[in-house]
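Both of the next two complexes hold chain A, though its partner changes from chain B to chain C.
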Partner chain A sequence: MKYWTLRLFNDRISIQVSMRWLLTVAGWLAVVGGVFLLSLSAGSNWIPLSEVFKQLTGQIDQHTFVVETLRLPRALLALLVGAALGVAGLILQSLVRNPLASPDIIGITSGASLGAVTFISFGAGVISMQYLPLAAILGGLLAALLIYLISWNKGVTPIRLVLIGVGLSAIMKACVTFMLVMSETATTTKSYIWLTGSIYGASWSDVTSMIWWLLIPIPFLIVFGRGLNVTEIGEDFSVSVGIRVQLQQFIFLMCSVMLAGTAAAFAGGIEFVGLMAPHIARRMVHRSFPGLAVVTALVGAFLVIIADLVARTLFLPLDIPAGVFTAAIGAPFFLYLLFRYRNQ
Partner chain B sequence: MLHSPLVKWIGLIGLFLAVALLFLTSLAVGQTAIPLSETWEALTQYDPDNTNHLIIGTSRLSRAVISLVIGINLALAGVFVQALTRNPLAAPDLLGINAGAIFFIVFAITWLEVSSLSGYMWFAFLGAAIAGGTVFFLGSLGRDGLTPIKVILAGVALTALFVSFTQGMLVLDEQSIQTVLFWIAGSVAGRDMDMLMSVMPFLLSALVVSFFMARPMGVFSSGDDVAKGLGQKVGVTKLILGLLVIVLAGGSVAVVGSVGFIGLIVPHMAKSLVGNDYRWILPYSGLLGAAILLSADIVARIIIAPQEVPIGVMTALIGGPFFIYLAKKGVAKK
Partner chain C sequence: MSKKLLFLLAACMLSVLFLAACGGSEDEGSDAAESDSGNAAEESGAIEVSHAMGTTTIEEKPERVVSLYQGATDTVLAFDVTPVGVVESWVELPMYDYIKDDLQDVTYVGQETQPNLEEIAALEPDVIFASQIRHEEIYEQLSEIAPTIVNETIYDFKETTNLIGQALGEEEKAENLLDEWDGRIADFQEKIGSDENWPMSAAVLNYRPDHARIYVTGFAGSILQELGFEEPIELQGQNEEIVMLNDKEAIPQMNADVFFQFMEETPDVQKNFEEWTAHPLYQNLEAVQNDNVYTVDEVSWNMAGGLQAANEMLDDIYEYFEVEQ
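And then the complex of A and B:
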């Protein structure tokens, strides 16, 4: 296969670009763009695509409220959340060298849920709701740190990381349930909708603040990305080519948590996207991190925006959390993967 | 570890007494503390005019009985699951059985408008069977058979699927959230004795079958090939163990909702006490399970009085760290 390698800053950053990659990215961009437009036009009030175009380009302004205030931020947030979840999953799978890992399975998402529900139950009246993302990210970070520390025994083995994640996740879920039962009905319902994963009521301020949060891990990924390819081969190999394995593992884990925690903060527990997106992406392009990450982000964005579109149009006028649909596709997919990798 | 049969018998009697004492304590402790002597009187010579007796008769007795029975069930279900999967990290809740049963109960309530207790029970059995069967099947695929990591991952995925569907149904039907939330959280408080009574015939028959399984399980634990060589019909053993798990775990969920981790912890405790002989493991596990659930319930009642911690939360807070300890110790590698 023909590809070009882009090297910058003394080979510190290297990115492989192939024809196939360019075509795949173009294809996904078209698909995601299509669903994006569709999700601007669909809903309880259908707006023809032609009018959506006109509205976006400023030729008419009769749909300003529906398109620009309600649907546009929601669609954008779906894209961001999906992309973040996909890349978080990709990092984790490469790191753990297990195709079945994802932030929701090893407990990072439960940590974020605990952070958010604690915030809703105790902080809602006192502190402004705009700090909810911070609580979720902190919860995710704490969970990841705990999982990492407990799994540490002269290094961290992937299986131990997953098992301990499962155990810790059970404890955190118990705490979440505890708070749900303790709080009043109104708070319970609010927390519940959040937990199932919904981008209902997304606003422009959500979109901008999510972008700010996502900007933190991206530089790290660009700088350290090439190390992830090597990590996939094995620890011994990584050591022998001069990579500080534990330090890198730690940085990658943190990046994955930042991405997953941010996504959880804005969209609640949308599960299985972090699992599915990397698998779909790997089937299509070369296994080199930066290129793979771009495709994974696009696939993840596609999964979440389509899940949200289905969730809010299928049972009109009811708005079902998108998380129900990602789980409906994702869990069978996971079971299929389990079947496929049965001999590993 | 207790070695000689005599010591094991003494230990068993001691455990039995401990359970009896916890049972009485569970009747005595609560918002109104009742002296043990009066608790005893309430059981032996019940006086409907005495307020304390009334409290015990109307609310605390059913609670203590449910904790006792369900504790035994959950522990035995754990022993059977671990024997069936030959996996020290298995438990009904980790295999998605609880989530499956709850999903089917909530489905029956919100969509099929089932409201009879026996209806809930059958849906719980159905859900337990579907979830357990799927996880067992998926986990046993592949050359190396049932590895702990595969079984647990399959369980986690199936749990996520069922939980997310349950949540979806609840979002659609906000009225039922408070009604079914206790099933999700797990609770022995305010539960109807009727529910226990409709499940009881199944639980009792499972209990009877259990005690005939002690010897076959011992043979089974040495591996499929050895068990076949010794003349055991391995398929039949697996089927019976599977059915026992479904009835014990599914029935428990129908009564108290999702109470996890008893099934994980207790078999380990029993094995560390009496070794690998299932004739001892089963009775020890039953009593230990009852003791743990009774104490968890007592603590849940007093720790943040006047409010209560759901029992499922209590057991997860005790059991989660234990699971982590087992995972860290590396039992999964065996």
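And then the complex of A and C:
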């Protein structure tokens, strides 16, 4: 296998690129791009791609509302949410060296859910719903801090982080259920839709604020990404090659929270993508973190955008929460991959 | 450990403060926007409606109406206007039987909780009726399609009637409809007043597969209160909206002179209902002892939420208490 290594800033940033990686990324870009275009065309009425192009380049304007106000931001948000969830899962899996770790399992998503459901139950009609994303991010962040603090005992070990996370996640889910049972029927319905996860009603302001939130963790990931490869080998080894394990662990945990929390904030509790996307990506490319992250982001984006496309077109005129389909589409694909690579 | 707790508490309080601050500044912003749009509309003489999410101007008397919640669908029909698009009903899909015939040619635009924006846009409506509790997030998009009038709740049929009246330029009709309603309320109160048991307390009960609920306010509850029924005996003065009973020990909370109950006709609900009503505590309740338990229509008493449904509910009550209309 041939590699090219890209080294920047005095070797502080290094990215390893192989032919296989390039081909995989190109393949996924084509697939994601294809689904993206399809989701601009498909909907209540089919708009041919040629007309979509004319609309986007300003040659015609009869589809302005449908294409530019409804479908385009929705498709973009789906891509961003999927990419964020995938990478959040990848970070956690590398960090705790456990393939079962994902934001939904160690409690970040439950924290965001608790924040959002609390906001919907007490804030609906009182505070503008545009602050719902903030409540979700805060919920995720507080949950992660709580998990981290309780796990702390002269440093945090990954296994304790997972165990405490699972425990706290159960407690927070109980709180969510309690809140659902105690609140009014109309707000309960709203909470349920949020918990299922939906890209419905995406606007341009959602897309731009999501991008702003995503810009925070990305520089950290680029700078510290290569250290994560080493951490996967083991903590002692990392220390011996000069990595500040605790600091790095904390930074990556926070990055994962930012990504998963932001995704939850704008799309609700879409589950399964954080678990699925990294697994699929690992099957296709080698373990170098930055390269893996790019493929994971593409896979995650693919999973969410196709789930949303199916959810809003399969049962027309019904528009169904995309979260219903992320698992339905992800699981068979995952099984196929397991089957395909069974002998490797 | 105590340091950790202190830190967490501080973090929680900070986040609450932050949210509260955000909420405050938001209100100011929308107020300013309201007064601006108000001035512009007065000059052109168009219809102007202030509602839960601001003030909306409708250029001329609207003809193509889209309704995004059950109460508005019901009430628009009461104005003898047939909407071009409505959301699906909760049961008796796609639309409740009592108004199905009036909506034969209507386009269904999805579910009340997540209506299909593309379908709504394709209908090219002149006005859209929505509810804040359901559609707050999509208000901007809806407003781009057509002027959107938003009711705060989904069950306040009087507010729904007022808003629809204003938006359709039929304020007089709205007034007549509500006067008619007030007349019926007064009539019932006058006639029931001679009953020796009046005033009575009433409980609206809903049985679910795993629990039972008492609806104290909401659609049915607010109408019963308007009629002069008292709240369930154990719940008076507690300002409860919905009481969830998760255990049969809580049965005494239901206690009232009259029960109006509704439930889905599924085997698990029926089984739960039979278990609750067979319980010894249930047999002690006033309504049970005096044989004042009525099974009512779930649609008109809870799910429809419009002016016509309210009148149907009132018909039922006239009938149960054997009062001449």
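What we mean here is this: the second predicted complex is superposed on the first by the 318 of 344 C-alpha atoms of A that agree within 3 Å, B and C clash if a C-alpha of one lies under 4 Å from a C-alpha of the other, contacts with A are read in each partner's own complex, and residues count from 1 in each chain.
Going forward, a residue touches a chain if its C-beta (ideal position, glycine included) is under 8 Å from a C-beta of that chain, and two chains touch if they have at least 3 such contacts.
If you're wondering where the values come from, they're calculated on a predicted model, not measured in any experiment.
Of the two partner chains, chain B is the only one touched by A:162; chain C is not. Once chain A of one complex is fitted onto chain A of the other, the partner contacts of A:153 are limited to chain B, with no touch recorded for chain C.
By the touch criterion defined above, A:320 reaches both chain B and chain C.
In the overlay built on the shared chain, the residue A:142 is in contact with chain C alone; chain B does not reach it. Contacts of A:190 after superposition on the shared chain: chain C is touched, whereas chain B is not.
When both complexes are overlaid on chain A, the residue A:182 reaches chain B and chain C alike. Contacts of A:339 after superposition on the shared chain: chain B is touched, whereas chain C is not. Touch criterion met: A:174 reaches chain B, while chain C stays clear of it. By the touch criterion defined above, A:45 lies against chain C but remains apart from chain B after alignment on the C-alpha atoms of chain A. Looking at chain A, you'll find residues 150, 181-182, 185, 189, 193, 318, 320-321 touch chain B in one structure and chain C in the other. Interface residues of chain C facing chain A in the complex, by the touch rule stated above, are 4, 7-8, 11-12, 15, 18-19, 22-23, 26, 88, 107-111, 113-119, 121-122, 132-134, 136-138, 140-141, 144-145, 152-154, 218, 241-242, 244, 246. Interface residues of chain B facing chain A in the complex, by the touch rule stated above, are 89, 94, 134, 138, 141-144, 148-150, 152-154, 156-158, 160-161, 164-165, 167-168, 170-172, 174, 177-178, 181-182, 184-185, 260-261, 307, 309-310, 312-313, 316-317, 319-321, 323-324, 327-328, 330, 332.
Across the complex, chain B is touched by residues 100, 104-105, 150-151, 153, 159-160, 162-164, 166-168, 170-171, 173-175, 177-178, 180-182, 185, 188-189, 192-193, 195-197, 271-272, 315, 318, 320-321, 323-324, 327-328, 330-332, 334-335, 338-339, 342-344 of chain A. Contacts from chain A toward chain C in the complex involve residues 43-45, 65-66, 69-70, 119, 123-132, 134-135, 138, 142, 145-146, 149-150, 181-182, 184-187, 189-190, 193, 198, 200-201, 203, 312, 316-321.
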